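For clarity, chains are labelled A, B, C and D in written order, and residue numbers in each chain start from 1.
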Amino acid sequence: MKYEETNKATSTEVDAPSSESRRGFLKLAAISGAAVSVTKRGALANGEIGFWAKDLPDDKLIDMYRTILKIRWHERTQADKMLADPSYRGYNHFYAGQEAVATGVCAALRNDGPFEQIDLVYSSHRPSGHAIAKGVDIPTMVAEMDFRSTGMNGGYAAEMHISDPSVGFIGADGMIGPAPVIASGSAFAFRARESDQVAVVFAGDGNYAAPHFHSTLNNAKLLDLPLIYVCENNLYHQYAHYSYSCPHKDISDAAAAYGIPANVVDGQDVVQVYNAAKTAVDRARAGGGPTFIEAKTYRYYNHWGAPGAKEGELGAFGYDPLAITSFRPEREVRAWMQRDPVDISRKILIDWGILDEARAAEIETEVKQEIASAFEWAMQQPLCNPEDALKHVFAEGTVPARQFG
Amino acid sequence: MKYEETNKATSTEVDAPSSESRRGFLKLAAISGAAVSVTKRGALANGEIGFWAKDLPDDKLIDMYRTILKIRWHERTQADKMLADPSYRGYNHFYAGQEAVATGVCAALRNDGPFEQIDLVYSSHRPSGHAIAKGVDIPTMVAEMDFRSTGMNGGYAAEMHISDPSVGFIGADGMIGPAPVIASGSAFAFRARESDQVAVVFAGDGNYAAPHFHSTLNNAKLLDLPLIYVCENNLYHQYAHYSYSCPHKDISDAAAAYGIPANVVDGQDVVQVYNAAKTAVDRARAGGGPTFIEAKTYRYYNHWGAPGAKEGELGAFGYDPLAITSFRPEREVRAWMQRDPVDISRKILIDWGILDEARAAEIETEVKQEIASAFEWAMQQPLCNPEDALKHVFAEGTVPARQFG
Amino acid sequence: MAEKSWMYAVLEGVQQEMQQDPKMSWIFELTPPVASNPGMPVINLETEFGRKRVVNTGIDENWMASCVLGAALAGSKAATYIPYQGALIPFEVIQNVAGKLRHMTGGKATPGCVWVIEMTGQTPGFAGQHSCYEEDSYYAHIPGVRTVIPSTPYDAKGMMISALRSSDPVVYLYPAGLRTLQGEVPDEAYEVPLDKAAVRQEGNDLTIVSSGAGMPGVLEAAEKLTADGMSVEVIDLRVLKEMDTETLVNSVGKTKRLLTVDQSYYTLCPGAEVIARVAENVEGVKFKRIAFPDAPPPASPEMFTWMRPNAGHIIEAAKKMV
Amino acid sequence: MAEKSWMYAVLEGVQQEMQQDPKMSWIFELTPPVASNPGMPVINLETEFGRKRVVNTGIDENWMASCVLGAALAGSKAATYIPYQGALIPFEVIQNVAGKLRHMTGGKATPGCVWVIEMTGQTPGFAGQHSCYEEDSYYAHIPGVRTVIPSTPYDAKGMMISALRSSDPVVYLYPAGLRTLQGEVPDEAYEVPLDKAAVRQEGNDLTIVSSGAGMPGVLEAAEKLTADGMSVEVIDLRVLKEMDTETLVNSVGKTKRLLTVDQSYYTLCPGAEVIARVAENVEGVKFKRIAFPDAPPPASPEMFTWMRPNAGHIIEAAKKMV
């Protein structure tokens, strides 16, 4: 399914103007490639159009652009390392193409302060974008992905299990299914202890078919939990199109059936994602219960690692190792890359008069440099001490070695 | 929630006349207590009103009445035994009040013939009504419930696990959750082997909250499986009202969200249940995929066994042993007993000119006698041989005893 | 201190912890957290703490188990009571997520929560899913989760309190058959450690090891054997993970005879682990194992009663060994 | 007869059974049932048998596992391949429904189906849910389900065919690390029994027992120990349920020394059961057990490689015993 189609099908209720010609009503430039925002359900009260980005200060908007760039350059740097440096052992489930989703959502959250006050994010097997957006320390994350003992999780986690609760990034989950349910448990705790915190879970289209999907939404609705379910519909789970596992065109329809406010947003436009997330967060903090946000998006790399990618180039093409039942067409990849979240966020800032091209490019150079330093630092970190494997099974002590008999 | 309310909420689309003034358009008697049938979704083609009972021969209609009576008297006889005979060891999850559901559904199925051609029924922890309606041998079922070695399942099963595949009664299931999914597997096999058989699962309102609910409906829809999901919404799971676990007023709304044809029917009226089941069976046999039928119904006894019941009287009242969160009010029980499936089916037959009062009463006496004989036979059956416990673990052989050290 | 039922003792522990910790919650599905005991106030968690903290849910044990884990990760203590038909439904989230979380995050996750997993009453007349002999082994193979199985009202309360105070996730196996067992239980809160077996009786001729629902039969047998002049040491494991090897090895090092008794299927029952640990550490031991056969419990009381390990079996096996 | 990979051998067995039985179906989620082998035709079940019989589904392992059980009850053979992250998601339906069905219906149910349960590659660099050491024990405790774990391409094909022809439900554990193992495999269909261990090498000084992913290390160690003059008997369990006690007891009755090796967490690993069975039946035996520690596998290759039982560990332990 092409993006255009999706968009058509979902723009039934509110035809909000595109982000790029919105903020402050300063300009009304028509920029080619701009998307139409869609807020599918949820009436807007008292003339409130839900375009919250209008209230954001410049530095916050620039931060969002910078976050998108950090995610992007973290990945491009890592992909190049994987392709070019045989001694590099790290890997990733790349998020490139989806950066605006994590960035827009996390920009609407409370990310610093004591643990009892910040919002919590549950991630998936594709965590590095969510982690950066939530604010983890990038150098230690990079070190973690290369199994260093000073990595964010001491080398125990690697990519698929990174976690940093100090910024509310509860972490990655190797499984399809459990994370949304567990996230609903955090939301349950917030409600039980009368906190205004919010729990967010990012989950792919693949998660729809898991039986946990029902548990999560049903209980979130029944108990009015402050849970935001962000469905990143990038059209594929592993190498199968989502129509293999879901009878809905919009997965949000499934959530709406529970009576949960459910939106479809353009996941390539960070401002639209932010607007939807802000509405959801405000509702949850006010005791109004869960929200489901389906972000239509796309990943530029393949499911895992860098097969099909070339050093110095963005994206991966034409990798089909296994006589896959249905493999995504290269033209689809290229079509989606026309609506790149980096480009869109940059254009918005320029269009809104917050940056000019030169400053935008400067920021990109700064970010690239920051990421390069992170990798440089990380690659010099010490490897793990084997015996430490027996720590952290329980809160205290170590378990006995058993491999020697 | 009272029945009347439910009925109002669901009669939005088709206002079919009540069964009792329908068949053959012979009579138009207005009978007090008659319900209004509701077929919520699913347009009827070419003027077909879906009132299939009009085509049924008299003996088939009388059989339905007889089946309802068999279920009812099996239970009343057993309840009396439990209350009055201290040596009796059997028990049951009584189905009284719900008889029209199993009877109407099974009347639309293929119940005899080779195993490769008959339709299969999956039951719940409340199986005896489904079993009788599907055609199991009552004396051996009664023997089974009292743990006799000549019982339907050799004394291994007792009530909650009875099974007789020879009539397509795959059987009871002790669990909430798995049965619908497994039933969808039988439907999957029918489709894979291009058989026109149909799989039916009976599941209570409690099953809605189980994550398996999603798996069942999602896969049934995706693969167009010949599965009929009969949701017996008797308003309570154990001692909790279904609103504790389900945000829908009609559980069928949840099924409709998957794009599955979903109806609400009056579960007290066997003809209406039959009409809905026949539509579903015809669709499934023709390759049209699954159907969800929600039968609004009620059980007269408590969740399990006979607490609160009195010998010789129907139903149980005022048993609340555990400071239950929400216990059903006695007035609700009595209100539902006004619309008794036995009475309704009898009235329909008389109204349609198929029986008179005298013949109807005669049939009831015959059934009572048949059940009494079944109990008499069953109570004389031999007890089990202890060592047989080690049989039937695998298809062949026995497993070793381990309890002696 | 008063005579209390197991059921009351457990709920008293929960109540005391909930009174101390206003963030703590309790999730249940069928069995309202209510208990009474002669001469004591009725405990009703739902009315005492309200429906935001004490929640009656739908039949979705995986949600219940995942929910308390999520609460833990958000910094709140929570516990849930999983009735026996659902005993393995939350298995995957406990085995594959909860048990691995702390380790796989290098110590950053805080998964401390409590799953009370009911083990069936193991009484005649049920079958299949309504009478199970297995949960103990499944849960005990999981690393990163403490699996305990008390057998007395005293331990039941003390271990519940320890479990609720632990920063580790705890599977608290609850043998339903012991629910009405009576015993002296202190009124105040106290802890029983989550890593120590209990020597219930000392002796020199034979060590009998059991746990949970196996203990009443073992104690009955030990009494008769002692009366018959045998010197029997009885060990109640109490903790399946981490199993207290030291107590086992010390005892069998002395008696040189080990009889294990489990209300669990033979293959890979807890006794297999007990025997293996002792076999690795003590030489020249005579071993015997009593367990439920590798067959599901049938409904028929005649078949079931014959299969279930009992005091008679233990006495006979002990006599053959000594 | 030709040299074939494990992966190819298994799929060849499945293909042959599907050709014989037009009712049989195969359900998968990620890994299309495709395999190639030098000089042999590519096997692609999806294109050969069509999408009604070979079905690509959503990520819902419990549905997959339940579906093949439902097919069996309807009289059709079906099998499904559960990838390792989902290895315990269908646990409850296998343990609590499938394993009990035949017995609890007094023999009336026909639950014969096959669940291929992938066990992680157990290679460095993964962690948590992506590198598990546990499925074998969980499944082996279940009565009514045959749990097998082949370790050679020959057995992999023969046991797959036996599993598909069995009227019992079979958990077919598939150690992903062995997928590329090569060996001589007959082209035609043949059966390997589902209840017999294999003596891989005969000897008198020491019995080493292992299974599945543990076997390559054991065979490597045995070769070196033999070269060093030790007479080692090597037993490949192949079947965890029903475990072949006779072969174990006969061997250790002769060697009087038993070393078990498992790529499974120590507590209640298959070796615990092996030791317990031998301990009950043979006197005066020396026992040792090698297993993965009771800790989840960490991602770091340095930590992981140190933890994983290997040939070096086996050789050292053997030398201490003899």
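A few points about this structure:
Here is the rule we use: a residue touches a chain if its C-beta (ideal position, glycine included) is under 8 Å from a C-beta of that chain, and two chains touch if they have at least 3 such contacts.
For clarity, every value in this text was computed on a predicted model and none was experimentally measured.
Centroid analysis (C-alpha atoms only) places B farthest from subunit A. In whole angstrom, the spacing between the mean C-alpha positions of subunit B and subunit C is 38.
Computed from the mean C-alpha positions, the centre of subunit C lies at a distance of 30 Å from the centre of subunit D. Here the CA centre of subunit A is 42 Å from the CA centre of subunit C.
Rounded to whole angstrom units, the spacing between the C-alpha centres of subunit A and subunit B is 47. Residue positions 155-157, 161, 173, 175, 209, 211-212, 215, 218, 222, 244-246, 393, 399 of subunit B each touch two or more of the other chains.
Residues of subunit D in contact with at least two other chains: 57-58, 60, 62-63, 89, 92, 96-97, 103-104, 127-129, 143-144, 242, 288-289, 293-296, 298-299.
Shown here, the protein chains touch in all possible pairs. Residue ranges on subunit C touching subunit D, taken from their complex, read 88-89, 91-92, 95-97, 99-101, 103-104, 127-129, 132, 134, 137-138, 140-144, 241-243, 265, 267-273, 275-276, 279-280, 283-289, 293-296, 298-299. Note for the complex: subunit B touches subunit D at residues 115-116, 120, 151-157, 161-165, 170-171, 173, 175, 178, 181-194, 197, 199, 211-212, 215-216, 218-219, 222-223, 391-395, 399. Put simply, subunit D touches subunit B in their complex at residues 22-23, 25, 52-53, 55, 57-58, 60, 62-63, 66-76, 78, 92-93, 96-97, 102-110, 112, 143-144, 146, 166-168, 242. The part of subunit A that touches subunit B in the complex is made up of residues 209, 211-215, 218, 221-222, 244-248, 253-254, 256-259.
Touching subunit A in their complex are the following residues of subunit D: 30-32, 34, 42, 44, 46, 56-60, 62-63, 85, 89, 125-130, 259, 266, 288-296, 298-310, 313-314, 316-317, 320.
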